[in-house]
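Two complexes come next, and they have one chain in common, subunit A, joined by subunit B in the first and subunit C in the second.
== the complex of A and B ==
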């Protein structure tokens, strides 16, 4: 049981980091951004190139990666999302799939220059601590704290500041928000840029635990992050964190319960069933409100 | 809106969970254990470099060879042409000569070019063998052209790639590495009447098929040989399996377990994982909790690399058995040496400029390969992660040249089918294993031997793989 909890929390921390980025964009634009995981991975490659290949400190590579991916998010908002202002939100979500493919291709081109799968150390060195038989690295501990901190911090920003309220208002009724003086374009750029930055931070904290990565390496993890975001309610940042942890624990529990029969796909199936049941009982997710 | 998006996500998860499943059919599995010896090579003749035209009945039909001291040696005749009457009627007269003229042979391949970038290889790098052949006059005067379509390492994309290839009217469709892609394309080849020559795949579902052929061992054979490896070297130890969650990989696991059961190997844990799963901590803990001392990774190169790396981070250090790629060993570096990794492959090991030890038996092929790359693709990185992949591709293409030479100057698709149902030749070139398309119970299959490998610190300082057993059909 202890092992399942520790494993669930570790995986949950990863999913929560992705979910927070997804929810932020959704709250600010009502769009599910399918490209976020791959944009974060692109940042990861940049950070690796700077730190591993050119000797920059981890923090330097991380800042560069976050700035670059935030710029990608802002550029996508400026040149695609804004131009699709009146289009159905599902159409914009489909446009993010286009961004995903574009970034994947870009990674492959850049990746080819590097010519090999990459690996990167975490921000904190050390052997880690053994908890319930699981070796937990300092970076894994940090990622849990960061996921919680970002979730709570952004929730406070959105609820307690004029700018944050402007974000929510712009998402609900853009025209009305503009009439009352909300800088709608700036707000939209903020959520897309910050969403990409948060996901990149997640990738940077996840990568050391993966050991090695290539384009598309976080795709499955990001899918579970999306599941966590929907489970948490898509509009709730604390819900995103809770969703991540719940998905992580359910996945780990299913793996443990069915380990003796080696049932293929059982962990993914368990998350799917959890999501389905939750949405049947609470269509807006555990912590979500009506969109 | 939330509900619509939730439904979309649920669909994504369901797809991820179930995957595309092919109907399972019972395979013909009447195994025989005969092993070819060198003197069993029937009508074919292996020729050494001093007599490039030896064993061939009609030299005027052969590719013109470069002048002595110039060019490469790849135009050396590997087998003599089959001059017997054509027996196969698989292709109609209209289909029979597609992609082949008196001066050209057109081939098209589907391959995971997406991942070529990861190995620092491109489609131009993959055609070096044919550049050398064509410069030396081609196959019976026919220049061979191979183009590539990206299958993205996915079955549905592989079928799209096959369709794209068909538009080019190739003589044959070539299938690159991919346990999941090949069965999908095999089905496609049946309905599209395309001659398909592919890499390793399961034999399940092939008993009623006619258009697909392979000169390599099956997925089942690979699993069986991993099983024999465990039984031969690690009997008495507890064994765990981390395996790809795929019906196309599962037959290898069944074969492994059958061998394990036969020799009393104790399998203590078996965990399926998804492609690109990313985190394998739970599976590794399961292995550790069950005391597995040997862990067989039935996964691709990148995922296996992640698993070994994450295992070391968990201070869990079993003996790993896996598909041997330099990508894995070079990425893991010291982690691949303590203890050395062990692998089984359908291709030979390659380590740049190392012709010592077990490399010596096929050093001539390695030198030829390196010379051709120096000439045609001097910027290709043979020392890095892609070196062994380029060598395995080069040997694969050389194997294809064996088939085309055997097909002869009057080659057609039906004649090629004849070749791939009757050819039996002992190691047609040094880096190749025996080819035998005549085994009862294995229609359209010509490969039954594997190479067992182990990691080592190469003279260049990289951790690479080298053969410990070359072209073996059994280890017990």
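== the complex of A and C ==
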């Protein structure tokens, strides 16, 4: 039991970080950015190339990756999302699917030149501590702290600052927000850029746990982040956190209870069932409101 | 004229299905080429399944390719000699059913939510199927996968790709024929109405939930068939065959092919099937993957420029050309033509009722957060009368309309239509029971032509079961003929022959209001709710509208409830008036009584008089 909780919390923290990125974009633009996970993976490859192949310290690679992916997010907002104005949200979402495929295919093409799976160390070396029978690495501890810190920081930003209120207002009614002086374009660029940056950070923190990775390595984990965001109601940052932890714990318990040779991949199946059942019972997620 | 597309598809299909094996046998097409063409045919069927869901019904699925796996593994359970050993023709409907069932399950949350949530569920389905279910030893045969045998008739096995290609083409034609039947009947019109605006669809009596789930199931059935097609072509399937990336490829094909355009989707599918085979042999292996880079880029650009897809752009250019010619004629908004005399609902539905009060609501209460929008409102609309509902902006009139028409559920209060308690009915069911309504922002499907909107409006009086339209039975053909006759008659009566094929969105607002009124009448309503029909009209046009509203009552015998700010129009047409202010009904009486009421003057002018 304790073991399941620890495992669930550790992966749940990363899902929460992914979910925070999803929720941020949703709050600013009422759309899901399906490409976020893959853009983050591209950042991960950049960081690996810089640190492993060119000897940069971890933090240097991480900053480069975050800057690049934030730039991709901002550029996509500027040249695609903003041009689409108030087109149906499903159309904008389809455009992000295009970005997802664009990035992942480019990754594959570049990756094939190199040839073999890559790996990258975490920011902190060390043996790690044993909690409830699970070895927790320093990077994993750090991820939890970072996830919480970013979540709380963004929540404060959104609730307590004029800019944050502008983000909320822009999502409710763009025209009205513009009239009362909200810098709508800057708000929109901010959520797309920050959403991508947060996701990249999540990718960097989970990468050591993945061992070797190839393009598409994060797509299933990002799906869990999406599921966490939907469970949390898509608009709520605390909801995104709770969603992340719930997904993490369901995943860990399913792996523990049901995993067998007869039916592999039970973790993914469990998260799918969780999502389907939750949406049938509570269409607005566990913490969402109709508004 | 409506029978020809189906016939053409079948003739072309039979010829192609027979020609393909003949060409291979004659040595003009190699076995390998037949295999490559076969993958293209299967991919086209898969893309058509997503096209139905995304292009017609406007629902996004990012896990469509995994449904092909459902069909393929269903066949993998039934056809191999080591398992059930059943014939290919038995596995075919089973694969379709399995695909439909899986899609239905994933579409279930559509009962209560829309759009992006569903997309996440479809991704989750894709991963759950490929990482778990398909990898189960009993279903997917583990890492070795499952060998699917080629079909067999008596002693003849379709081992050669050329022979099997004939079967593949025949199945694609079958899918194509289903698709044609969907687009030319009430089924496809209902899908497109849902894509455009669910409230408008419901106002024409379309059961939005049922049709959305229907779109998922039909699309899943097509995907199941496509999975069986490709599975028996390749020969072995495992979980790797149905990865998430393939679903994304389908999205690219459908969007680049033009969202809803059959020929475009077929072309795009052919391109993506051939590129990875043809191009590397010409330009070397380095070119692999660039088809997807280009496709993804075109998809993004297409979406940013025109969300209705590449074919939408082409269509729009063509339309601009035709409508520019039409625009030379002055927009005819001043003289509203006489309304068409359309069949009475009693004649269409075979019901007869003579209640004195057609529509009635009691103690309706609606609140938004802390604001009470409608506060214990009650009103009654007597048969054959025109009743006006007036009041200042924000009084709650449109909210009350939404409650009456079933678009919004009130916190409390009841609604009676033709004597029956319809409080529990949704908008579509009330529309079917005889309630028609217009919207302030025009309740029509903008991308559809006037004719198509008039056909859509007759959704619930079509006289055939929408899902039997799939096989275009004689009753369907007959029903469609009647709908088209009625639509043509209405267009003629309104003098819109010239605009019959023009998308409604390209008409002037005045023209759209006329078309909307015509469409509502085609739903065969007993009572018509009109929400500010004169908004934006010139005084002359409004005067003309008044005459038409009087016709509506006297010549056509319809009961009318009217929200309007144009007081001269209200005075000229209404038998009774209700006045709303701040959510309450504050006065009721004849127009002359009401305009002399002190409370009404106060509500309109603000302050004591």
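Quick note on the criterion: the second predicted complex is superposed on the first by the 277 of 291 C-alpha atoms of A that agree within 3 Å, B and C clash if a C-alpha of one lies under 4 Å from a C-alpha of the other, contacts with A are read in each partner's own complex, and residues count from 1 in each chain.
Rule of thumb we're sticking to: a contact is a pair of C-beta atoms (placed from the backbone, for glycine too) under 8 Å apart; a residue touches a chain by one contact, two chains touch by 3 or more.
Remember, it's a predicted structure, so these values are computed and weren't measured experimentally.
Asks: Should the superposition on subunit A be reported as showing a clash between subunit B and subunit C, or a fit?
Replies: With subunit A aligned, subunit B runs into subunit C, so clash.
Asks: Which partner chains sit in contact with A:268 here, subunit B, subunit C, both or neither? Use first/second/both/neither.
Replies: In the superposition, A:268 contacts both subunit B and subunit C.
Asks: With the two complexes superposed on chain A, say which partner A:280 touches: subunit B (first), subunit C (second), both, or neither.
Replies: The answer is second: A:280 touches subunit C but not subunit B.
Asks: Scan A:226 for contacts with subunit B and subunit C and give back first, second, both or neither.
Replies: A:226 contacts both subunit B and subunit C.
Asks: In the superposed arrangement, does A:216 touch subunit B (first), subunit C (second), both or neither?
Replies: Both subunit B and subunit C are touched by A:216.
Asks: Can A:84 be said to touch subunit B (first), subunit C (second), both, or neither?
Replies: The answer is second: A:84 touches subunit C but not subunit B.
Asks: Mind working out whether A:14 is in touch with subunit B, subunit C, both or neither, as first, second, both or neither?
Replies: first
Asks: Could you say whether A:99 touches subunit B, subunit C, both of them, or neither, answering first, second, both or neither?
Replies: After superposing on A, A:99 lies in contact with subunit C but is clear of subunit B.
Asks: Classify the contacts of A:199 with the two partner chains as first (subunit B alone), second (subunit C alone), both, or neither.
Replies: A:199 sits against neither subunit B nor subunit C.
Asks: Any idea which of 4-12, 76-84, 256-264 or 346-354 of subunit C is the one running into subunit B?
Replies: Only one listed stretch clashes with subunit B, namely 76-84.
Asks: Kindly list the residues of subunit A that each of subunit B and subunit C touches, one partner per complex.
Replies: In subunit A, residues 32, 89-90, 93, 108-109, 112, 216, 219-220, 223, 226-227, 230, 234, 262-266, 268-269, 271-272, 275-276, 279, 283-284 are touched by subunit B and also by subunit C.
Asks: Within the complex, which stretch of subunit C touches subunit A?
Replies: 54, 58, 60, 62, 105-106, 108-109, 111-113, 115-117, 119-121, 123-125, 127-128, 131-133, 135-138, 244-245, 248-249, 251-252, 255, 288-290, 292-293, 295-297, 299-300, 303-305, 307
Asks: Would you tell me which residues of subunit B are touching subunit A in their complex?
Replies: So the residues of subunit B in touch with subunit A come to 1-6, 8-10, 12-14, 16-19, 114-115, 117-120, 122, 245, 269-272, 274-279, 281-283, 285-286, 288-289, 302, 305-310, 313-315, 327, 330-331, 381, 384-386.
Asks: Would you tell me which residues of subunit A are touching subunit B in their complex?
Replies: Within the complex, subunit A touches subunit B at residues 3, 7, 10-11, 14, 30, 32, 89-90, 93, 108-109, 111-112, 115-117, 119, 128, 133-135, 137, 206, 209-221, 223, 226-227, 230, 233-235, 252, 255-256, 259, 262-266, 268-269, 271-272, 275-276, 279, 283-285, 288, 291.
Asks: Enumerate the contact residues on subunit A facing subunit C in the complex.
Replies: My answer: residues 31-32, 34, 79-80, 83-84, 87-95, 97-102, 104-106, 108-109, 112, 216, 219-220, 223, 226-227, 230, 234, 261-266, 268-269, 271-273, 275-276, 279-280, 283-284.
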